[in-house]
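In the two complexes that follow, chain A is the common piece, with chain B as its partner first and chain C second.
The block that comes next holds the complex of A and B.
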């Protein structure tokens, strides 16, 4: 028993530097965030205000605009999964030049978001390259103020996000496909399965875990990693139509100096993210059961 | 066993060292005060003779090209005169100007002198306790060298919080050649609202884009409300009354400007791709001779005049539609520099600001950046452009008022910018814009009771505006 306790203690001591670092970098800031959301400093004194900041955040129409935009961006997730599957399958077929394609599709992913944002800001201008191509091909009726209209701005940002994030999914799926046993495909071919049936009954089931991982990563991205796109491309406009929760927190914290409301919004965002993770964890045993 | 114990002890020591190294960060002071703090500036500091560094975070190259050159030259001169002082002047970006400072202020580590856009954009940080009042270091006589109307923008609760860095008289540049091509008098730009709308029609008929500007990044919103939002006001307090909630922004005095802005949109006065372009991109259309007019600041209008020629570039005031005493008010707001409350060198910072208002240095700024220091010691004979001469003349003829520098920032970001974008895009009527602007004002008062208190203390002596 003494040895068991000693070995546990040793283990925790080895873990302690990492635990201390995580506590300082993650746990302490979260507690501080919660504290700031529940109090205000006036004349050097901290005053407990309770849930006032949460009420103000939840009563703000722009908070709900921001939240709904994050949910709109979730629509990109099935698109990313589908496109990643399709492109990775095509590359997996070892078409001529497949190594070059594999490198090319990953390039957008390694580019800095501000760079991508600025370039697409020019491409999507009213007289930008995209509209010029549409006009040149006789599709004038499809030209839009892509980033200048509240009807299209958030979807234009979503398009850019998809363009940038797709490469990661392709490479990720390609790596998993490469590790699927050939015997499964041989057996399927012997049973007369065509390309689509092999995809549906062999490839996708074998990739369930990777697909799930990719979905989680993208959910986190759409919740808390799109701020740079919005800041660079639209600054939340036109007409507040592209605000996302991160931008809401940023605006409240800095231009408006409403740190308490910003903290409350950040806590709400964190809570929603944790809820999604909880739901994902509940579903995971079912997903693992499908994968051979 | 002993080796194992030694290894474990080593880990413990490492962990303790990490804890003590990080302990300073965990013990940061609590959130900064949201009420005016007792200023640390009241403590008299002895000027240091030991070497030290003075850090200045500034902005301005974007609207006064050459400002960076000026600062480098001025800083070098200052350091030559004060060998024990190193001045570290860092040019900031527009988007990070405030976030970077607020983060520094939170940590109580950062610049000794910070640049701010003027008015409420400076005072907000005074209200947060981030600034030390300059009036604790400069005498009243020194401060009186600054025109009262521009001093008023950062005068609050009986103290002066910011020192003008340069003024940004904000007007309209117009292309005389294009005006002549459209059959307009190049020496008499539009004075009334109808004249302006008719000028847009004439220019369009001649195949010329009337006004080149951009609204994608939103900055134009604050300019437009400041150009035309005050034209039914009779005093600054008309605006303050609305901020305090005593008047409604749906009343005609406050709401008409939305309809006048819509006039400009409906008469196609703006470039067709205004919603695709950022402000500076749109303004560049004028320089590229693809638009006949643009909104710009004094230093840049002077640059345009020098670059395109005095015979080509003219300057005009915003045409008038309103009937209030401020219907022909002109905007010559100032960008400010302020001493930070956490600076360990406040006296030296005040001295550097005094240096920037020295005659030879003010002349240097004008020569390098075309920017004018608002100071009675600035000599009009230094002006070398028609636009600067005209603006100087107008300052004595018209009231000075810049709307944008007096209202809460949310009125602009969620109001003049967001609602303006929807108005220009045709997605909102002027009446809807006014109603939603009032809702934003109500929301702000509900969420910011402390800010409301600060506005009640923003009392401007009437003599500052010649009233």
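The block that comes next holds the complex of A and C.
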């Protein structure tokens, strides 16, 4: 009895530094943010304002521009899944130099988004390399200031995000593929399955869990980790055309000092992220059950 | 006559598909490397050449852009700040995570699994959500414009991932080893340092590399919490201060970006396998 009590106490002792830090960095900010979004401090007194800040955030057209840009970036997810599947299976087939390819495609992962963003903003500018290549191949009509026109800026950012995120997908899928039983492929080949059929009936069904994981990771990325791209490549412009929710919160909180609206928008962003997670948790047992 | 022709057809059919696969991967590699090529080659060009010769190798490579960057008065302190922040926060986080992961993996206490299942989803919380409350709090505690502020935040943000990774490694270590050591008179802490730590070196190294890459490259928190020029991290200094200063002198800007990227490339060359292992952990079976 005594020993078991002592061991419980020891366990909490080992956990306490982590719990204190997590409380400070995760738990406290979330509660403080909710409080801030519902109240305002005037002359040292807290005045509860109810949902006014949420109404103000939701009435702000730029909030919706920002949110819709996050959703636009979601379009990159099917592209990333498809490209990761194609390239990971190419590398998986041990084509000549597959090890080199595997190393090369993962390089973007270690590069800083600000660095990547600046380099791409020079590549994509009016007299930049990309337009020069278009001109050289006779596609003059397509040339434009890719980040400087509101029709193309968010899509150009999406292209850079794909460039940065693809390597992780390839490496992740490759790891999963390597553990698929050879026998499954042998059986499929015996039945006369070609490359596409093996892909559709063996590889993809075996990979549902990892594909789902990659989709969730990317949803979170497109929602919560795109601030740096926007800041260095467009600063939200032209106009407000490339604002995303993180950028909205940052702008409201710091340059504009509208902490209450920023807090409300942050709570909304957090709720959306948690909703995605909840949906994933609901889907999860099913996917694992399928795999047995 | 029939058999050879079949072989021939197979050969003809096989060859192009092999070439197509190679071409696809070559194209991907080129696209991946191009921005790096663009950054490095242009950092060796004189300004006029940058406009005339965007794509080619520098005609007469110069080092002036690098000397200009290296003479920047704040570069030394930016570099030191990045090193201090990265090493400090990763070390801090790793120690705390090892202790917690050990408890989660090898101890019995009420609420263990529930608590662990609450910690891992914290990875989903967007960092911008923490920034406002932490900024207000740290301003009162005098931790804004103080390396200690972002150090604490980074360590905290990395904690869920690190605990998750290490705990999943620790559970694979047989419990009998722990029991045997305890019978031999080791304390619980000795079991951790003498048995678990050496056995789980690969997982610890992996988490350190993954986390170091993230801290080194981080922008938002470094930007908000370190606002004076001398306190900037290398990435923030290069990308905000230099981006403004060298808008017209692109080769110098590229030299700065190259300098900021070199440490990560070195880390990648040394730690590539550990990095990849950590990021795909749990998804390779």
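In this section, the second predicted complex is superposed on the first by the 269 of 292 C-alpha atoms of A that agree within 3 Å, B and C clash if a C-alpha of one lies under 4 Å from a C-alpha of the other, contacts with A are read in each partner's own complex, and residues count from 1 in each chain.
Here is the rule we go by: a residue touches a chain if its C-beta (ideal position, glycine included) is under 8 Å from a C-beta of that chain, and two chains touch if they have at least 3 such contacts.
What you see is a predicted model; the values in this text were computed from it and never measured.
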{"item": "Touched partner set for A:181, first chain B, second chain C, both or neither", "value": "neither"}
{"item": "First (chain B), second (chain C), both or neither touched by A:145", "value": "first"}
{"item": "Touching partner for A:258 - first (chain B), second (chain C), both, neither", "value": "first"}
{"item": "Which superposed partner A:68 touches (first chain B, second chain C, both, neither)", "value": "neither"}
{"item": "Chain B versus chain C as contact partner of A:213, first or second or both or neither", "value": "second"}
{"item": "Which of chain B and chain C A:60 touches, first, second, both or neither", "value": "first"}
{"item": "Contacts of A:266 with chain B and chain C, given as first, second, both or neither", "value": "second"}
{"item": "Touching partner for A:197 - first (chain B), second (chain C), both, neither", "value": "neither"}
{"item": "Touched partner set for A:101, first chain B, second chain C, both or neither", "value": "second"}
{"item": "Dominant contact partner of chain A by residue count, chain C or chain B", "value": "C"}
{"item": "Chain B and chain C footprints on chain A, overlapping residues", "value": "10, 14, 17, 21, 24, 28, 36, 127-128, 231, 250, 253-254, 259"}
{"item": "Sites on chain A touched by chain B in the complex", "value": "10, 13-14, 16-17, 20-21, 24, 28, 36, 39-44, 46, 56, 59-60, 62, 121, 124-128, 145, 147-150, 231, 234-240, 250-251, 253-259, 261"}
{"item": "Complex interface listing, chain C residues touching chain A", "value": "17-18, 21-22, 24-25, 28-29, 31-36, 38-39, 51, 54-55, 95-97, 99-100, 102-104, 107-110, 112, 115, 119, 121-122, 124-137, 152-153, 155-157, 159-160, 163, 188, 213, 216-217, 219-220, 223-224, 235-236, 238-240, 243, 250, 253-254, 257, 260-261, 264-265, 267-268, 272, 275-276, 279-280, 283-285"}
{"item": "Touching residues on chain A, where the partner in the complex is chain C", "value": "7-8, 10-12, 14-15, 17-19, 21-22, 24-26, 28-30, 32-33, 36, 86-87, 90-91, 93, 95-97, 100-101, 103-120, 122-123, 127-129, 132, 163, 167-168, 171-172, 175-176, 178-179, 195, 209-210, 213, 220, 223-225, 227-228, 231-232, 245-246, 249-250, 253-254, 259, 262-263, 266-267, 269-270, 273-274, 276-277"}
{"item": "Residues of chain B defined as touching chain A within the complex", "value": "4, 8, 11-12, 14-15, 18-19, 22, 25-26, 30-35, 37, 95, 98-99, 102, 124, 128, 215-218, 272-277, 409-410, 413-414, 417-419, 421-422, 425, 427-428, 443, 446-448, 450"}
